[in-house]
């Protein structure tokens, strides 16, 4: 894992504290069908927390509620102690929240470098007029964004693909692009949605390393996956089954839990 | 950037090359002598193609007939006909090409008021003779003394209708008009009520493309008019008026007096009265030759738009005979300025409205089973 | 070496452009002027389509607002022509904000049809408000554009005015597309949820671009009014909106400089096809359908592919 | 304002409403089956009506056969367009806007083709039953309008049964909603799409043939029909053919009642502005909820 060393040598990043996340009493339903009922859990500062469960158990809904794509029918989501109910998706981003998607949502008709540059959008200022006129400050800012993004790309082993069109990359590499794009914005809480789906074992191994790195760089991480192997990276794991948390604890304990075994095997 | 610009150029190269070829000449020449080139711009497609297409037929028949009879002092004429797709900007572009690239001696057209006003901006400064199919339009046209008009001005149209209404002793008049041509005529008509001793019982406007106006027609009917004036470029108001049993006589302007409109009106066409020009079923003596020629050529009867195309060419030919084929623009233009007995009517191109039509120029017809029958009525006292 | 060749090519292009009016017939210059106008108006539609993924079928509305503003201000009020340009662009921008803010909440087909409806509404209002627009009769006698006493009264002069303006707005647009907002736009076009997560304020950005598009349309409309010196409703129909949309479609919507190719296509091709007589509209329609089906990246994309193919052949 | 005037407005509103509805139903069917908004739905109507007109008059066929030919030509046009243009673009995974541009391009082309072949005249077809009008409260309804309304209702009921009760209908829905899933279940997705276009073309042609005795058809009426039909479908909720009827009648009534009270030049402005507002405020249309549950 040569990436570790490089990652730590990334040029001057503003120091920041990892965030905490707390879900209390979250409930949601679609057209009368209950998807989540009274879900409570917390992601402590600087930790990696996993969320597992079979298909349809409510993982994605939970994720969409935290990231602001859905608003819950009941309950509160607190980011570092602050209620986010009224915040838009972008407002959550400004507060340091970032997510990835189950099927990576890369900007297909843009280059890899440009994809990662968009990750820095929120740190930029230059508006439409300044960009049209290419004012010195807009130019400087763009150069800065490009350099930072290029650095991030190299950390994730994308150095040779900077100008490649992202839509033409294989699934595994798209996921890396998405990860680099999330990383470059230096979030305080990172939500990873099924990051290992579509990856081969070698790529999953690499992914594990990166998740560990991101965590060590000061990101609190909430990880959703049904990949038990990947989940061993989490400090704590919550098992979701039909909208309820049926078990919590370290992955080894969860795997041994009879209710979880039943949920997965006895289905 | 440079690269992209180059790429654009590569993509365009075929277009650019092709565009350097001159426009194809649309008319064939029959005589051996160098023909006199004339230009024509009509609306063969688009909203007013119903007017432009018959005009084109009249122009072509006139060209053929004229050249067969020896042309202008033995010299044939060649008319380059272009379509402006009923759009003023296309008309401007086509006229620019005809005038500046093809050096035409005179211009025939355009079909619509807007197009005529637009291209007048090109022909007027050059004093190029233009014979427009539209009537005299906005104030600016009064100064364009080389733009002659084959059809009546909107005010004259309005007077022709109101004369009939007055003489049939109707005083309460309902109006149905569209927002395009109808609005233009209505603007000239609305202030004439007092002069003709009528009152407007209900005036209803509708969009040009409207497909149903039964409610508007019902509104007019509810005002109990003694006569209804319909001004439109669509057959729908006539049909809808009949559908809601609007029984008052319907009087309409010459624009809808064509067989195509009558066909589209279906059985609603019966009894509609038009203040128009050429009743080919029963032509006036000076119209007979044209009607016979047209019928021989196309196997059907012409209306006044075909006649207008013919008259435009023939009046121009007469002026060319007088002024000579190489006359300067101004000379040809002044040769035009005199009375001319056309098929459609008797014109006086020296009149202040550059057309010289009067109330006496109108013939009144009533539709009976899809045929126009002459009414024994004249608006001129 | 390559750079030298490129600069040389560019120089040649500029030279060809500068000399063209001396060699071409008046009619062709006239068409080139229209192509320039369509480049300016089409660029707005192209930025929305290519960078933001928005189908805008309302450009004729803003083209009309610009034209009528210029006509009204110069003919009725007798004010200098620059006032007309500014009034048109200001009115267009305000209307674009007022209409765009709610309408741009829609996406895809629905947004496209909403803009089509706007174009139709605009056309009806142009008809109805004949005190302002002259209705079917239109407004004539619009003075030729004159700047510091220099009158742009021949097609050649307007040619030398319109194209520099077109190149200028293309340059500005090119800068914009390469800048930070450009990245955000394309991100929003490719994967809206991801762009939102990354902090792109999509609704604001879309509205801003809609305003820019409207102002470009208005600018083109004002230039048009002064050039033809006569305008009427027939020039601002839905067909004109469709023609504006076709410019980036034909060119390959994501290409900024390709707009020139698109504008030349919609100006010259119908002119060439009209030689085929009444069937020319069918041919034009078919040409468009074929471009959409066979060349998803437009003429520019097609030319690129051809160039690559040739390169491979040669190698 | 008299009672008979209001009655007339209501009768015309309903008649027009069902015209919009029939176009809207076709749009909804194609949207349901392919997720494409077909900007040339009105063109199907023009094709159907024009073929019937020409089969009837120059060709001299009996009316019934002419109608059949008209309907078949609409259906054929649907399939041809699917095979020739839609399928290749589906294979390229073209986006929404590409399909919109395609159908707009096709609308332009077909309208020009009709102009070239049939000329610029407007054509009327004879009424289906006896000519004439029914008088209600001194207001009038054409008998042909009853045929139109009746047929629209039959089409809606038929579609509901087709999508809800038949295997083919269910397969068509499945192919559209989840193409990959449907394909794994042995449904020929491409065939279903062709069938959807066939159905859309058929309904469009029927609409045109029914309208032609009321409104003279011409080459350029397609786009206007499409737009009103779209407004109807949007109003009712695109996912439900019944919605198009409700939307169409609402739109028709609103337009004609607006004429009673307002200057009638603003009729289209009112209708179109309402369409935009409904799209923004009620994205699922008046029947949105029902549509979602009822499928």
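Each chain gets a letter, A, B, C and D, in the order it is written, and its residues are counted from 1.
By definition in this document, contacts are C-beta pairs under 8 Å (C-beta built on N, C-alpha and C of every residue); 3 or more make two chains touch, one makes a residue touch a chain.
On a predicted model such as this, the values are computed, not experimentally measured, just so you know.
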item: Intersection of the contact lists for subunit A and subunit C; value: none
item: Centre-most chain [mean C-alpha coordinates]; value: C
item: Most distant chain from subunit C by Cα centroid; value: A
item: Mean-CA-position distance for subunit D and subunit C (Å); value: 32
item: For subunit A paired with subunit D, centre-to-centre distance based on mean C-alpha positions, whole Å; value: 46
item: Subunit B and subunit D, separation of their C-alpha mean positions in angstrom; value: 36
item: Gap in Å, rounded to a whole number, between the CA centres of subunit B and subunit A; value: 71
item: Of all residues in subunit A, the ones touching two or more other chains; value: none
item: Residues of subunit D whose C-beta touches two or more other chains; value: 115, 265, 268
item: Where subunit B touches two or more other chains, by residue; value: 45, 179, 207
item: Contact pairs between chains, per stated definition; value: A-C, B-C, B-D, C-D
item: Subunit C to subunit D touching residues, read off their complex; value: 49, 53, 55, 102-103, 105-106, 108-110, 112-114, 116-118, 120-121, 124-125, 127-128, 238, 242, 245, 249, 278-279, 281-282, 284-286, 288-289, 292-293, 296
item: Of subunit C, residues touching subunit B in the complex; value: 6-7, 9-10, 13, 24-28, 30-31, 34, 124, 127-128, 130, 134-138, 140-141, 155, 171, 174, 224, 228-235, 251, 255-258, 260-261, 264-265, 268-269, 271-272, 274-275, 278, 281, 299-300, 302-304, 307
item: Subunit B residues within the subunit C interface of the complex; value: 1-12, 15-16, 18-20, 22-24, 44-45, 47, 82-83, 86-89, 92-93, 96-97, 100-101, 112-114, 117-118, 120-121, 137-138, 140, 179-181, 183-184, 187, 207-208
item: Interface residues, subunit B side, partner subunit D - complex; value: 45, 49-50, 53, 179, 204-207, 209-216, 218-219, 222, 235-236, 239, 243-245, 260, 263-264, 266-267
item: Complex contacts: residues of subunit A adjacent to subunit C; value: 67, 69, 89-90, 93-94, 98-99, 101, 105-110, 114-115, 117-119, 121-122, 124, 126-128, 130-134, 138, 141-142, 145, 178, 181, 185
